Amino acid sequence: MSKSTVAFLGLGNMGMPMARNLLSAGFVVRAFNRSHKPLETLVGAGAIPAGSPAEAVEAGGVAISMLANDAALEAVALGEHGFAQKLGAGGLHISMSTVAPETSRRLAEAHALHGSSFLAAPVFGRPEAAAAKKLWICQSGAAEAKQRAKLFLDALGQGIHDFGNEPGAANVVKLSGNFLILSAIEALSEALVLAEKHGIERASLAKFLGETIFACPTYQNYARSLAARTFEPAGFKLELGMKDVRLVRDAAETAQAPMPIADLLHARLLAALAKGRGQLDWTAIEKSSAEDAGLGS
Amino acid sequence: MSKSTVAFLGLGNMGMPMARNLLSAGFVVRAFNRSHKPLETLVGAGAIPAGSPAEAVEAGGVAISMLANDAALEAVALGEHGFAQKLGAGGLHISMSTVAPETSRRLAEAHALHGSSFLAAPVFGRPEAAAAKKLWICQSGAAEAKQRAKLFLDALGQGIHDFGNEPGAANVVKLSGNFLILSAIEALSEALVLAEKHGIERASLAKFLGETIFACPTYQNYARSLAARTFEPAGFKLELGMKDVRLVRDAAETAQAPMPIADLLHARLLAALAKGRGQLDWTAIEKSSAEDAGLGS
Amino acid sequence: MSKSTVAFLGLGNMGMPMARNLLSAGFVVRAFNRSHKPLETLVGAGAIPAGSPAEAVEAGGVAISMLANDAALEAVALGEHGFAQKLGAGGLHISMSTVAPETSRRLAEAHALHGSSFLAAPVFGRPEAAAAKKLWICQSGAAEAKQRAKLFLDALGQGIHDFGNEPGAANVVKLSGNFLILSAIEALSEALVLAEKHGIERASLAKFLGETIFACPTYQNYARSLAARTFEPAGFKLELGMKDVRLVRDAAETAQAPMPIADLLHARLLAALAKGRGQLDWTAIEKSSAEDAGLGS
Amino acid sequence: MSKSTVAFLGLGNMGMPMARNLLSAGFVVRAFNRSHKPLETLVGAGAIPAGSPAEAVEAGGVAISMLANDAALEAVALGEHGFAQKLGAGGLHISMSTVAPETSRRLAEAHALHGSSFLAAPVFGRPEAAAAKKLWICQSGAAEAKQRAKLFLDALGQGIHDFGNEPGAANVVKLSGNFLILSAIEALSEALVLAEKHGIERASLAKFLGETIFACPTYQNYARSLAARTFEPAGFKLELGMKDVRLVRDAAETAQAPMPIADLLHARLLAALAKGRGQLDWTAIEKSSAEDAGLGS
């Protein structure tokens, strides 16, 4: 086990540029991905391919996972050929996927049985941000895990924000952030439809908001694309937004914290899915506001 | 009638610093206010007192109004001793209050009967921003009115944003802005309560959001005060927020544009009023989220 | 002034059959209606026509009003040629329209200035129920007013339900009833769409509910028509439902009692109006549930 | 295997009186229950005790299950010592619990692998109704299963309502019914709070509604208890209501049918749980309406 070796599990839209950054930073990357194509690509960039999650990790080493959902994450860690057992004593699992806090809590316990530690480290940022090392990383877990993870996380993002020892905490922060972004999208949608029906240019309102009371890229970008109603190509697919809002609602139910806006967002997303809009950008929830106001979709 | 004379109607928390800025900029200010105290204060700073709205204006001159609500605005312009008739041919009414678009539409028509023009020019910014000439001004109305108003508006804010000819448009923009701010407050409240119930420090989450995905003062300030739960003294009183959300809902009904978040905000504000929280800051809608999650209020 | 004479104001879908029943019961009916046609019809049935509300009433007599909305009611009672002044000392106004409780409170005060008493007596039932003397009547007001009104109300309905002295109380009950009916329509709509998407026959579910847990005509009839999706001809027009829900929301705001289902119903009705469905039956709010589930409208 | 023998699994509040009715009707009842006490009681009434679900059933026989939730049902049928395998070829499982339609679909497939058939037969009615054979039974499944089940179901309820062949259909109907009842409870709560704040006697309004527009026991009983605000002892515990609304939401998500009232009910129940009201009657969601209106809880 070398200090500069890391196993990377999951080479999707996010995982691929992250793994590349680890290679660029000089790490030895042992990679696994369920489908072969991305794996070959990364091997072309210098990674060592692994035939299974278990094969990717070294005993006592560091594994980074970036997977599509809770089930994929649990399968890679704990399923058949999963890496948890091999990672074993002294190992560290840095889990960067957007998953339920409960999943992190379960994984932390499962790894502890093998003597490994666990760090939840979900990220904010699109694939382009990942490629540019501009991810914002939230972390929670044991102090030693954070210390050891820093070397790797520094190669992936523009800052690490700490949320304490409880493994699920960083996931709650990630889910809260996505909830807040989609809340802003819904509120902007309602405001833009109101404005349009009062004869105001949508683009003027969007520009004004981004220059004054909401002068930050999240609002500027979403207001612009909502004003223009460009829902394809998807920056973040609506069906993935549904996954996240489902996790938000589960976390709310677990914590007994009613979140009426989360319920509204879920209803918007569900209607969009029912109307066949799952592949559009998640801003396409705007179409429901427009349709309910008698505007074309 | 002098080009550098202006009537100013309404010396409340916002109107007073605005009128002072006009004086500082060298304008002759003829002021009216229903209660005497503020009027005396402004006279001490160089204003000319008027015993009625009509007395404040000059025929063919410019009048700026900044009043508490639609009824006060309509009374000052069109009521007994209102200024509309005297303002008469060639006059200009710059209406800066937060009111319904319908009120602007009605006023524009009423002034037109007397040969005056009308400009809706509501503002974003607290009294401190008004004092510092940092208001953001939205305007809508006839082109000539805008040209003439510029001299005065430049003395009041840090920028003028134009929304076309329709008199009510700027009011819709103002209402949309307040709607969006309160939507963000509600979403932040829900997220902070969720985080707290998952054991996360509220202040950490607030700080993170303000440094990353929502790096703008609106979010930074509200997230900080919501995390700390400091609801007094009120920066913007909850009961005034209710006035604005009521106007939003009316504008939505007029335009037949359903706004489910506006309905939720109204319910939150109404519950807060029922619980005697009208004098707290409008962020105190957070208490309902907290209470519904079983936390103390 | 004769004990058996009554002024009847408003010969719409409800007022006409009610006025006929008064004639059938042997009362002398002095009728007023804004448009002439219905008035002629009722005169053909034995009524005495009046050219104005004031002309219809006798000093100290009894007036029954059944009008479309608050504005019409206030105009007929207090407007130009309104009947309030002439009704005068010893008069009684029985107000049977669906209006705001505040309107009843204002009218009660206005009549009191002239020495007349006021009874709010709104009704439940469609025109056919009115024709069949099957209306359910809610009343509130002074005891003497009730005693005197009984003679007339007995000719109009199948029962009088008392809600005390406060003039607005009966209106709140009427609004609550319509709120509850439309709430049931919305809940049935959601359940039927859920069932349909799970492959269940809508009619089977409707039949089951009406035979078991909701064995009353309100549910039986609405469930049947919602299952069949027959939205025309309108039994009760959607745009009239909007009027009532608006009154419910106003009453909720006045009383500081948040009603989230009322907000939802308002959003459903507003969307339906925006889509041009105001002339359909108010059950047509179902179309939004269906559309949101990806079914045809 | 005798035609008059039946295995009964689950002797809770509902299962116990149902099993007793089978004994009274002359059936040989082989009973299983996880905890011993109820089993002993039923054995005292003539039942044959079984040490496991598998022991309770006869090969090719009939098994009736009435369990607390989906997990308990799946454990009893498919878990360790579950009865599915032994029931085997020619067997019939009549599943009467309130569970997800997906659970019925899965069970039907699992039993089919062993040659058994499956009938979903959930019921409406409280324990007293079960004791009095007054349950309303919904069924869905294969025609032969229904024919064979009739003998047993006739001993348990006052009527069987058929919803076709799809095994999950009857569960959707059961969930829809509970959703509609709780929707009515919420709407009644809002109306009663509105009335109270307008000075109306809650009991008068409740009585009126039950005598007129909602003349059926569901409304009469719930309106009466909501008016009186008697939330204990629980007729149906709030925490069980949460289980059902969760199933409703899951069924809505599966079918992509947004149900905004279901979301509202979930929020009400979740708030009530957060406030420690899980053991109260599910009508205790009214407390949130009351609290939001500034009334004591």
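Going in written order, the chains are labelled A, B, C and D, and every chain counts its residues from 1.
Going forward, contacts are C-beta pairs under 8 Å (C-beta built on N, C-alpha and C of every residue); 3 or more make two chains touch, one makes a residue touch a chain.
Quick caveat: nothing in here was measured; it's all calculated off a predicted structure.
Asks: For the chain pairs A-D and A-C, which is connected through the larger number of C-beta pairs in contact?
Replies: More contacting C-beta pairs are found at A-D.
Asks: Express in whole angstrom the distance between the two chain centres, defined as the mean CA positions of subunit A and subunit D.
Replies: 39
Asks: Between subunit A and subunit C, tell me the centre distance in angstrom, where each centre is the average of that chain's C-alpha atoms.
Replies: Using C-alpha averages as centres, the distance is 54 Å.
Asks: Quick one: which residues in subunit A touch 2 or more of the other chains?
Replies: Within subunit A, the residues that touch at least two other chains are 252, 256-260, 264, 267, 270-271, 274, 292-294.
Asks: How would one label the connectivity among the chains shown: line, ring, star, complete, or other?
Replies: It is complete, because no pair of chains fails to touch.
Asks: Could you please specify the touching residues of subunit D with respect to subunit C in the complex?
Replies: Those residues of subunit D that touch subunit C are 101, 124, 136, 138, 159, 161-164, 166, 168-169, 172-173, 176-177, 179-181, 183-184, 186-188, 190-191, 193-195, 197-201, 204-205, 208-209, 211-219, 248, 251-252, 255-262, 264, 289, 292-294.
Asks: Report the residues of subunit A in contact with subunit D in the complex, numbered from low to high.
Replies: Against subunit D, subunit A makes touches at 246, 252-253, 256-260, 263-264, 266-267, 270-271, 273-274.
Asks: Using the touch rule from the top, collect the residues of subunit D that touch subunit B in their complex.
Replies: Of all residues in subunit D, those touching subunit B are 267, 270-271, 274-276, 288, 291-294.
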